[in-house]
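There are two complexes below, and they share chain A, which is joined by chain B in the first and by chain C in the second.
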Partner chain A sequence: MARILIVDDSIVSRTNLKTILQSAQHEVVGEGVNGEDGLEKFLALRPDMVTMDITMPKRNGIECLKDILGHDPEARVMMISALGQGAKILEAVNSGARHYITKPYEPDKVLEAVAELLSE
Partner chain B sequence: METTALKDLDLDLDQEAYAAEDQSIGNLVEQTQTFTASEPGQAVHAFFTGHPSAEGVVILAKQTPVGLIMRNDFYQKIGSLYGRDLFLSRPIKLIMNPQALVVDVSVDIATIGLIAMNRPHDQLYDLVVITENETYAGVVSVKRFMIELSKNREVEITLLKRQKEILNEANETEIRNRKQIEEKSLELREKNESIKNLMDNAGQGFLSFGQDLAVSGEHSLECVHMFRVPMEGRNFLELMAKHVSPEVTQAMARVFASVFAAGKSLREKVYLSLLPPELHIYGKTVSVAYKIIRHGGHKKMMLILTDVTEQRKLEARMTEERNNVKMVAKALTKQSDLNLALEEFERFAPAEALAMVREIAEPKAALAEIFRLVHTYKGDFAQLGLHNTAAKLHTLEDGLAALAARPIRPDLEELLGVIGAWDGRDIVQEDVTILTDILGKGFFEKDERFQISAEMLLAVEAKAGDLPDGPERQGILSALRRLRLCSLAGLVAEYQDYLQALAARLGKSVAPLGVSGDDVFVEKETVQKFVKSLVHVIRNMIDHGIETPEERLESGKGEEGRIACQIARVDGCVSLSMADDGKGIDVGKVLQLAVAKGLVTPQQAQDMPRDEVYGLLFADSFSTKDAVSVLSGRGVGLSAVKAEVERLGGSIRVSSQPGFGTTFTFLLPLGA
Partner chain C sequence: MFSQFFGNYLRKRGFITLAQMREVLALQDSVRVKLGVLAIDAGYMSAGQVEEVHNLQSKIDKRFGEIAIDLGILDQDKLSALLGQQNKRHLFISQALIDKGIMTFETFASCLEDYKKDSGLSEKAFEALKANDIDVVTQALVHLPELGDAKMYVDYFSLFVRNLVRFVDDHILLEQAAKVELETFDCLIYQEIEGRFKFFTGVAGPEPAMAEFASRFAKMAVSGMDEVARDSLGEFMNVHNGLYLSKLSNEWVELELLPPEYKQSGSLKSVGVAYKIPFALSFGQFDFYIGVGAPVFTHR
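Coming up: the complex of A and B.
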């Protein structure tokens, strides 16, 4: 199963997401706590895919996405957004994010999106 | 050709009549009285009384129609029991039909006719309300509409009569022309049938457009019903602009552009999911499904529109219920997370937020930081199931976003003002109330509970013991002692994790420890050592009793072994039994080992009763496992349990059935 990096500034969200991903035998190889940390962890860990919150301190999720793609244009990043961030998601997708899910999410939806992304 | 021949017969009069049929509804529009929704039923009653021929009246908000009252409906409602009292003095909003048929004057007669005739039975003859540029323009009476249609029919009949005369005169063409008439009526019949088909399929709107976003001609009638204007060739986004915010229109424009440019199907799917799944069109909730159709090398977007207004109202109520149930379930499983989040948030709004703004001092940076934190809280609360709180935080977030997007940025004073108006307690109140209604007040009274160490309690007890003897002292002492009591079942249940870990290490599969029976409260100090010694029983059961999953399956048992604890009060004593469903105690093996260890002689072993054999298990340095394992068989095992039970003055009974399991019962004189 996939090696996944979670980037999110909320520990509640990270823990929750981690539990969901691990339930499907994915390996959460690291957790980034902001956009800056996200890039560092990505470069150090080279995960199969990244889940990326949008609203974060230091560098936000879209900036972090662009940073990551700058280093690896093939990186598979899935955005995690709150409801009503349609414009942000569109920006992210146009910047190269492969997929997205909306908070609050059901575990099934997350795993479905991850599977879709990985099989692309 | 026959058709040409028919055309040749047309008269000027006929041409006019046919032309009229194609015209818009404009010349059929009549005026009727209008009211506002807040006027009393009395006003409508007065109007209807004064104008006996008026069929109905229109309700306007500013210049936009919001409802219709038909004379018949009005008096039917007034005539009902209490209707007079209910409706005459109260606003007509209560009595009007808010879903009246409203169309723009530019829609052609035939389309309006079809939509009008497709209405529910009881609304078939209701006035059709006509607007022009969103403004009320008048009504069309269905009666008048029918007369107009039949006039056309008369013209048609005159035409046919005239044709017949000519046919009669022109003998040589008679037969041919009669055939023509037959064909013409067949054509009409077919036309009627296809119209009927359309009507039968109404209820869902279909429309499609290509990259130019111009709505194609093959859209269904329901679309016109929903949008109230002719659609063909119109730019879809221009049509939408009236019903959604400029931001949404813009976002849709960008998504459509991206969809038409996208290559991969996941990408298309992602883009489509960004389009609004529901639209609000003239007060109706319309659900939209977006599909991409490939036509040769071209892509087309198809939209399927369904009016789900009533459904959504019902669902909203059910969703509310379901969300509340979810919230309660989450609250129960994540109580500490929830309490933490609530405490943190109440500190944040507004005290900490204000402090933060003052500290950052630069308004733009402060606003960004506060926005981020509100957003994070929103996500956390949503994840914890507090849906109303999340919705309220979303509104706060919107307010902050608007503030940040304003041309004139707020200064520090204004920002402090906005944040100072927040009340964290008030924001979470609705959800907290729902939770306390269901879970009881105690759920959030965490801050009124506190932990006391056993030491402190004993110290207080010692002080109370120094009081002069009397009923008062006895009362205080027993009250203090009760504070120290804890549930025996609770103490045993603490073995849960141990049991699972041990089973895993031994490659056995064991279900969670089941503890059941009476609620027995005991002094922890008294039973602690005994309860601790039960670890040996559990260890023995998992190591020696429960078989491996393969063995269990072979002997027809469930893969998962079971260990259960049953607690009961028996004549002033407490009976605690631990039972497993494993392979039972192998008497022969126990005896063999006992002989080998010199605990009994071979002669004694010969006819030793089962009960006595079981007693050997509790002897010092006894193990039935061939090899001493890391976990059991160190010789202390069950003898430690025996020692504890004896210390309490209790007794042990063992029963075992080969192949079905073993039960250890401990009878303890705990006068609980």
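Coming up: the complex of A and C.
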């Protein structure tokens, strides 16, 4: 079971994702509400992986991804976006994101993606 | 959809009261049969397969039957048989009105004929309304002639109605679109879309109705337009517009979503052409807005 940090400005999205992750006995060690908060929580908590929303205020998900990888190039970050954001997902993957999922969440797909990322 | 439209017509003409309309619609709900249930009942699909198709529906802008065929679970003949059963749903309101003694067969038949004429719908559109075909009905009812690519925007609105059905409520009543310049609102969630087409869309309504909308979408309790409610409305716009952009992306049109914004007690002034489409759900009255460019907001 992994220690996971969720970074997303949406409380609804964070709550849904937390419920899905906890259903598979993962531990959600923290929640970041924007890119700046996400980096701070990552440095303080050093989770096994991070789920990162792309569109957020202050620093967005791609900027936060780059900040995290700047501190820890081995960090495992999975991007999250609404459908129809193909260009941003591609930019995130090119910037070092290991995986991505789209909203609305399908629990099975989320857990499958998390398992895949953790097994790398 | 037929029941809401026909019921509202009867109400406006004074044949039934609002309370009677609600009672009849509630009765209809008790016998509502969805395609997945019909498929299980017919032995065409397992519960797991129905769940799988439902999950895919939240990711792909396709109907239940289309996805089931793509997956090889149903074929066209089986789907037609199921739709044939489901399309009789429009008869429920008629039966309920007669069973409850609100109308006689004669009055009902006469009102139905009048409604066909007064609705202004073609024979095809009227049949589509009875068959709950959202695309055909919205195309027949919603006209946005002064928007640059009117068909694109009507398609957008069809998807919006389908997403209301998927995520919020399937008791929908649409009214005619009207061009607007300056509108006041109680609560509004809106989102701008940029790229080859630059336009905004939004939903406005009174606080209790918007809070209920948010609660239903998030499947979480809210207290008025609190943080969860505002966030949920924004997520609805992200999901809905994301589905639309994904569909356009398959046609090689790439657009970008700006973050959704929530506004309270204000007015919206369009800088380009904008339309309002009033619609009702079972728990309140709303206005859908769509317009080119970005609107200007003023706080009241």
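Throughout what follows, the second predicted complex is superposed on the first by the 120 of 120 C-alpha atoms of A that agree within 3 Å, B and C clash if a C-alpha of one lies under 4 Å from a C-alpha of the other, contacts with A are read in each partner's own complex, and residues count from 1 in each chain.
By our rule, a residue touches a chain if its C-beta (ideal position, glycine included) is under 8 Å from a C-beta of that chain, and two chains touch if they have at least 3 such contacts.
It should be emphasised that the depicted structure is a prediction, and the values quoted were computed from it without experimental measurement.
> Quick one: on chain A, after the overlay, do chain B and chain C clash, or do they fit? Just give me the call.
clash
> Now for A:R98: first (chain B), second (chain C), both, or neither, which partner does it touch?
So A:R98 only meets chain B here.
> Now for A:E106: first (chain B), second (chain C), both, or neither, which partner does it touch?
Only chain C; A:E106 stays clear of chain B.
> Scan A:S10 for contacts with chain B and chain C and give back first, second, both or neither.
both
> Of the partners chain B and chain C, which touch A:T55 in the superposed model: first, second, both, neither?
Once the two structures are laid over each other on A, A:T55 reaches both partners.
> Given the superposition on chain A, which partner contacts more residues in chain A: chain B or chain C?
Between chain B and chain C, the winner on chain A residue contacts is B.
> Look at A:G70 in the shared chain and tell me whether it touches chain B only, chain C only, both, or neither; answer first, second, both or neither.
In the superposition, A:G70 touches no partner, neither chain B nor chain C.
> So, does A:E116 touch the first partner chain B, the second partner chain C, both, or neither?
A:E116: touches chain B, not chain C.
> After superposition on the shared chain, which partner residues are touched by A:L90: those of chain B (first), chain C (second), both, or neither?
first
> In the superposed model, identify the part of chain C that clashes with chain B, out of 5-13, 41-49, 59-67 or 95-103.
With chain A aligned, chain C clashes with chain B through residues 59-67.
> Could you list which residues of chain A make contact with chain B in one structure and with chain C in the other?
On chain A, the residues that contact chain B in one structure and chain C in the other are 10, 12-13, 55, 57, 82-84, 86-87, 103-104.
> Give every residue of chain A touching chain B within the complex, in rising order.
Those in contact with chain B are residues 9-10, 12-13, 16, 55-57, 82-84, 86-87, 89-90, 93-94, 98-100, 103-104, 116-117, 120.
> Quick check: in the complex, which residue numbers of chain C touch chain A?
Touch list, chain C to chain A: 55, 58-59, 218, 220, 227-228, 231-232, 234-235, 238-239, 241-249, 254-257, 259.
> With touch defined as at the start, can you tell me which chain A residues reach chain C in the complex?
10-13, 15, 55, 57, 81-87, 102-104, 106, 108
> Which residues of chain B touch chain A in the complex?
These residues of chain B touch chain A: 247, 251, 254-255, 258, 264, 266-267, 270-271, 274, 337, 341, 369, 371-372, 375-376, 378-380, 382-384, 390, 394, 398.
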